[in-house]
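Structures for review follow.
The following pair of complexes shares a single chain, subunit A, combined with subunit B in the former and subunit C in the latter.
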Partner chain A sequence: MAAFIARRFLYMVPTVFLISLVAFVIIQLPPGDYLTTLMAQYASQGESLDQAQLDAMNERYGLDQPFFVQYWKWISGIMFHLDFGQSFEWSQSVSGLLADRLPLTMALAGLTLLLTWFVAVPLGVFSAVKQYSIGDYVATTIGFLGLATPNFLLALVMLWVAFSTFGLSVGEANPVTFAIAILVLGTAGTAGLIRILRANLLDELRKPYVVAARAQGLPEGRLLVKYPLRVAMNPFFSTIGWLLPSLVGGEVIVATVMNLNTVGPLLLGALRSQDMYLAGSIILILGVLTVLGTLISDIALAWLDPRVRLRYR
Partner chain B sequence: MTRGPWLGPRYTRRHVLQLGGAAALLTMAGSACSGGSGDDDAPAGGGAEKGPEAPSLAERVAAGELPPVEERLPANPLVVEPVDSIGTYGGDWKTALLGPGDVAWLARTGGYELLMHWSIDFTEPVLNIAESVEQEDGGRAYTIGLRQGMKWSDGTPFTADDIVFAYTDVIANEQLLGVPRWLTTVSGQPATIEKVDEVTVRFTFAEPQGLFMHNLCMPDEGGLLTSYPRHYLEQFHQTYNPDVASLVAAEGKADWVELFSSKVGFSILLDAGFWQNPELPRLGAWTVTTPLGTGEQVVLERNPYYFKTDPDGSQLPYLDRVVYNVVSDEELMLLQATNGELDMHMRHINSLTNKPVLANSREDGDYDFFDIVDGKMNQAVMALNLVHQDPVLREVFQNKDFRIGLSHAIDRQEMIDAVFQQQGEPWQVAPREESDFYDEEFAKQYTEYDVDLANEHLDRAGYSQRDGDGYRLRPDGNRISFALDVATPSLFPFHPDATELVVGYWQEVGIDVRMNPMDRSLFIERREANIHDAAVWVGDGGLLDGLLDPRYYFPSHTGSNWGVPWANWYNNAGDPREEPLPRIQEQMDLFDQLRATADDDARIEIFRQILAISKEEFWLIGTVLPMGGYGIVKNSFRNVYEPMPVSAVYPEPGPSRPEQYFHAS
Partner chain C sequence: MTQQLPPAGPAAEPAVQDVAPAAVSVASQWRLMWWRFRKHKLALAGLVVTATLYLVAVFAGFLAPYDSSHLDPEYTYAPPQRLHVVDTSDGWDWGLYVNGYTAEQDPETLEIRFEVDEDTKVPVELFARGPSYTLFGLIETNIHVIGPADPDGPPMYLLGADRLGRDQLSRIIHGTRVSMSVGLVGVAVAFVLGVTLGGVSGYLGGKVDTVIQRMVEFFMSLPTLPLWLGLAAAVPTDWGPLARYFMITVVLSFVAWTSLAREVRGRFLSLREEDFVMAAKLDGVGRRAIIFSHMLPSFTSHLIATLTLSIPAMILAETALSFLGLGLQPPVVSWGVLLQEAQQIRVISTAPWLLLPGLAVVVAVLSLNFMGDGLRDAADPYRR
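And now, the complex of A and B:
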């Protein structure tokens, strides 16, 4: 197991390097750079930048330097000082901006996850055990509806209701908007999980060991929790890894629509204005977290499921 | 509206009083004449019932945290005449900010504090921080008198040294900025600055400088001169702090430039840097207490050392704070507006399409509309690239009859009805009716919708041959075929719709044109590289701003998307460059002459000549004059000037004196 983990860590080095390179290249790919965006913005207000000002900014931001020089400046700062550079648009350090938004982002993602599990697990189990009952159909309908409704639309509708019926302010962060966001994000996640859990559990419930256990007189409830459910939960643990980036990256569209001060809208804004160090750093962090998360879920799975664990031997 | 002589009198000290009394002016210069007799008007003890200062400041004075108000004000404060009525202290100005890209709104509301201001009706420069501005030696020198005893927001005196520092050590420092065009002569020699005494500086030029006063009113020009407090910033500057390296190291910066840049910005309208540092002393009515990026709000609070009073002698501003909700989406801002959460706003949400929505909620939201006069003179200018890389297309585009034909082919009334909510008027790329340069013939020429006439002009232009599909042919036998570049999404969501219509009209007369929508960065890149066929953008410069930024009258700037290589040739900067047509060169020579003309009337005359050439040559095809602009204001929010000009040069609402806005209880 230790060798396995060590090997995985070793593999991560080139992967992360490639991610950093790709992140940086992707940001440079679209035409123009931050200054062009700035000029476009300026031009839409009918303003124009003095050439001297433009040149000075170009130099100050280092945008006139070749690609690899810019890349090295960025990556060496991260490697040696954990300094992610400066956001042009905010004229603030990237680390500061992220630190400011992380608590809310993590709270949002964490609570959403709890809500999802809280709703999805009982519903999924129920609709598998009572397959084709009225309850199953209701749960399935809810699930499909949640899956099919675009998140941001639901968010807008709920915001509108909150605003028009209850007269709530929509601009400032308040517990109600936060609750709405969790509910909206939770609904979408729930739907998927219900379906996965239902399908997995149905597979397991028909297996001979369930019949054997039942034949031995195990009470139905204990039987369910102790054996098939544990197996059916595997997909949950293998997706734990994906949660890590979402804890930091957050949801982009819903957060933008609801004006939540999380990392998602920050990334979107940075990409739109070609604020390269900010966008690049967020993408890199998310990339690293995805890699880490995958490792964690592999370990978690191995730890939980002897079948998986034994295969690594 | 009466049109004042908008270039105004010359600003000798003798004229200052007259200036204060001039009809269109709102802000009076107090007793700026014959130095130092300001004591009579000193506001101590003034201020009717509301007292000479805000209650919150009075408390701090009583607690010994602040010196008394008469010591905080300059000897001769600027007396601001309110727009409607004298106000009362207190309350917030609640408004919204669309992310960090919207910093210009911070500058426009809380950051427009310059040596000179635009008069509120945007007709001429008037005094602001400067107590006097004197033109000498036929425009070769300008002497600026500051206010004795004026202070930065931290209580340190604001003196001539600050202006000298701003110019020589920040603006003219090549590592930080470099001398901008407005501080150089036509032939490119930079201005020199000298400190005459503690409160007087003099700018000297090698040649006469005609637009110096105007530039003093513009945020990213004159505004920079009053944004760099020397006493605070010199510790971060290499020249003044030999030990700056240790500070650089302590803050983990790469060099002193990076350190300096982290404390202050370099562009008032664009750079968030001015709004990140609560320690930076300022001259404006409010100073930053919650900077941008630390939370969901930006908060500015009253500057206890602000140098203006109302006619009662009460120190301004009336409002305690300006609170900006940082929102991520325009629709949210709209919802906030309809919910009555914005006290006064005139950006992003005030489109013609949103007008019915906002009108509907006026009662519930307890707000109303106020009128604005858009500085733009065109909603969509169809700019054919007159310097096209393809010599044949270039020849076609440079053919005036061709352009006239295309202009007649456009059904502008249909555009107004279909795209602009029936607001507007058929209009060419010509000054607005509100402008002194208004010329009806120029504005209306070739705007008549007449397909036969259009075909006649196109035939006469020499393109009567058509191919099997009915498209006209170029001299080399190919179809006349080109693309109209449109930036989308952009601040002008109606451009694709308008262009779609124009494409239809031009197809009708046998021109194979298509719309080419693209991201706005790509749009700008193509324009700068001169690889576009034709481009659609709004037409700026319909008011006084046309004279300061004539990009639609002749190629003066890379924003002149119809002749970028010519503009580069003129500015001696950028690529590609090409020698302009003789008529354009004539315009350029005239503009150089204008920049070097100190006499106001002569300058007007020269600009008229430039416009006359544009009119005769008909460089650009205009469509619709923007009309029906509006902003929203809470019913209890007072003293908002109407109709408010809107222009890049007049950074609304800054010149309308936000310091005198107030909440009626």
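And now, the complex of A and C:
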């Protein structure tokens, strides 16, 4: 087990390195550099930067130096001092901005994940056990619709309903909009999970060991929970890996529609105004979180399923 | 957003029960696939709807009463009118018409509200003369399938009007072009990348395979939407609409090629050991010929199924990007661009019909998903 975890950690290193490279390329992509943007901004306010300040900036970010030197300055600042640079739109350090918003974002993602599991497990099991029943068709239809509806559309419709029937105020964030956001984000994940669990459980239920157990007189309920469900649940742990990126992605749009104070709208605003150090840092953090999520789900999977563990030997 | 759907339900029963056994044994693979595909009723419905949507995209100019930029500031947020087929105002008579509007100004907010006025009639006719357009970019004409009988008279808004009094129906129809083609173009780009890299990876194996697989894993581990957002934001704003459209599709296919590469690699790995490949090799057939004329055709059907299933994700992604204002920009019309109008709840509660482009997205994505599911089940007609 320890060897397995160590190996997975080693695999992570190049991935995280590549992610940081991609984030930095995105920072560099827009035409012009940080300094010109900053100077233009100061000029538009009727101020100007003096040469000493310019030199200090150049020193700090290595702006007149080649790509890899700049990259190293940026990444070493993050690794050794947790210094993500400055957001010039907010005139504040990126780490401070993120510290304000990350907790709510994590809470949103965590609660959504919980909701997804609580809804998807019973529905998925039900539609596999009672295949082709009315309930199965309803669950499958919900699954399809949930996958086909863009998150933000669902958010808009639910907000509209809340606004017109319950007179909800939509100007600022409140617990109701937060709940709606969780519900909306949960729907998309639930839809995918129901389908996965149903398909997996159906495959398991047809296997000979189920027939054997049934022939030995094991009651249906215990039979289901003890073996097939356990095997079919495996993908649920891998969901942490793929739910996180899709949650984060969905969150960007939904939180923007709902005016929530999370990282998503911050990223969007940063991209719109080309506040690239902020945008790049957020992309980097989200990417690393995703990789961590995948790692955790892989470890959980290996811990639960010896077959997975053996594959890595 | 890009994860693949797992197979729904068990594989269909043996495909070809209603066809005579003699016909089965001489049928081509494509024919067998079709027999199997048509068993899947939802997939068949998906195929019909998808085909209809693409036809709408081709004939957009003819089907839409107005062009996409036609505006009429006098009719801001005018509600949808019902199309009457039968005229019962005096006696019973055939006659196409819609009711006109009465405008009323709120004395406090100065907001103009429109009500459908049951008393006035705006005659409507089929094959009406309207704004001119070019069909297929060749034939210039001004005939529209439906439109107000008098082009200079009061306008017709079957699905309501937006902030500038633009016809929502016409704009949704015109938006079909961009929204439905983004998926196709994006998939084409992803196809080239996926088949090349997946094929090389699966056929050569060894170190090349390891490198390419690490690359695929890396792309899969990225959070898709922030990456899309970052890349889309980096597209210069002063680029023309066509260049922007192309860049957005390239950005979208950046992530989509990975699942395709995996599929192709898996197929190559298993096919490499097949006898017919060995036979071709012993016959002295070149490597490229083995890949392209022997191995690739044997899993074309799987490729088509995977491709179909990746189109909906692209449509959804384009909609989301455009909705956020980072994808396509007006005056280009796509469903996502249209939904930009519906960002404020207050606007939606005045004009709920602004959400209709979203319905178009749901229909398109659903039907493509159903069709793809059916294709995947039918892809291997010899199974079972």
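Going forward, the second predicted complex is superposed on the first by the 259 of 313 C-alpha atoms of A that agree within 3 Å, B and C clash if a C-alpha of one lies under 4 Å from a C-alpha of the other, contacts with A are read in each partner's own complex, and residues count from 1 in each chain.
Keep this in mind: contacts are C-beta pairs under 8 Å (C-beta built on N, C-alpha and C of every residue); 3 or more make two chains touch, one makes a residue touch a chain.
Just so it is clear, the structure is predicted and the values come from calculations on it, not from any experiment.
Visitor: Identify the partner contact of A:92: answer first if only subunit B is touched, second if only subunit C is, both if each is, neither if none is.
Guide: A:92 sits against subunit B, while subunit C stays out of touch.
Visitor: Using the superposition on chain A described above, determine whether A:83 touches subunit B (first), subunit C (second), both, or neither.
Guide: first
Visitor: If you stack the two complexes on chain A, which partner ends up touching A:163: first (subunit B), second (subunit C), both, or neither?
Guide: both
Visitor: With both complexes superposed on chain A, which partner does A:147 reach: first (subunit B), second (subunit C), both or neither?
Guide: second
Visitor: Could you tell me if A:257 is touching subunit B, subunit C, both of them or neither one (first, second, both, neither)?
Guide: both
Visitor: Let me test your reading of the model: by the given contact rule, A:274 touches which partner, first (subunit B), second (subunit C), both or neither?
Guide: Both partners, subunit B and subunit C.
Visitor: Please work out whether A:107 is in contact with subunit B alone, subunit C alone, both, or neither, and reply first, second, both or neither.
Guide: Neither partner.
Visitor: Per the contact definition in the header, classify A:176: touching subunit B only (first), subunit C only (second), both, or neither.
Guide: Touch status of A:176: no partner.
Visitor: Output the subunit A positions appearing in both contact lists, the one against subunit B and the one against subunit C.
Guide: After superposing on chain A, subunit A residues 30-31, 156, 159-160, 163, 170, 256-257, 268, 274 contact both subunit B and subunit C.
Visitor: In the complex of these two chains, what residues of subunit C are touching subunit A?
Guide: Per the stated touch rule, the residues are 1, 3, 5-10, 214, 217-218, 221-227, 229-231, 233-234, 236, 312, 316, 319-320, 323-326, 339, 342-343, 345-346, 348-349, 352, 355, 358, 361-362, 365-366, 369-370.
Visitor: Can you list the residues on subunit A that touch subunit C in the complex?
Guide: Of all residues in subunit A, those touching subunit C are 14-15, 18-19, 22-23, 26, 29-31, 131, 140, 144-145, 147-153, 156-157, 159-160, 163-164, 170, 192, 195-196, 198-200, 202, 242, 244-246, 248-250, 252-253, 256-257, 267-268, 271-272, 274, 279-280, 282-283, 286-287, 289-291, 294.
Visitor: Within their complex, state which residues of subunit A touch subunit B.
Guide: Its residues touching subunit B are 30-32, 36-53, 55-57, 60, 81, 83, 89-92, 96-97, 100, 156, 159-160, 163, 167, 169-173, 255-259, 261, 265, 268-269, 273-274.
Visitor: Of all residues in subunit B, which touch subunit A in the complex?
Guide: Answer in residue numbers: 96, 99-101, 104, 174, 176-182, 220, 252, 257, 261-262, 265-267, 269-273, 276, 292-297, 325-329, 331-333, 335-336, 339, 341, 375-376, 487, 490-492, 519-525, 537-538, 540-541, 545, 549, 551, 557-559, 571, 573-574, 647-649.
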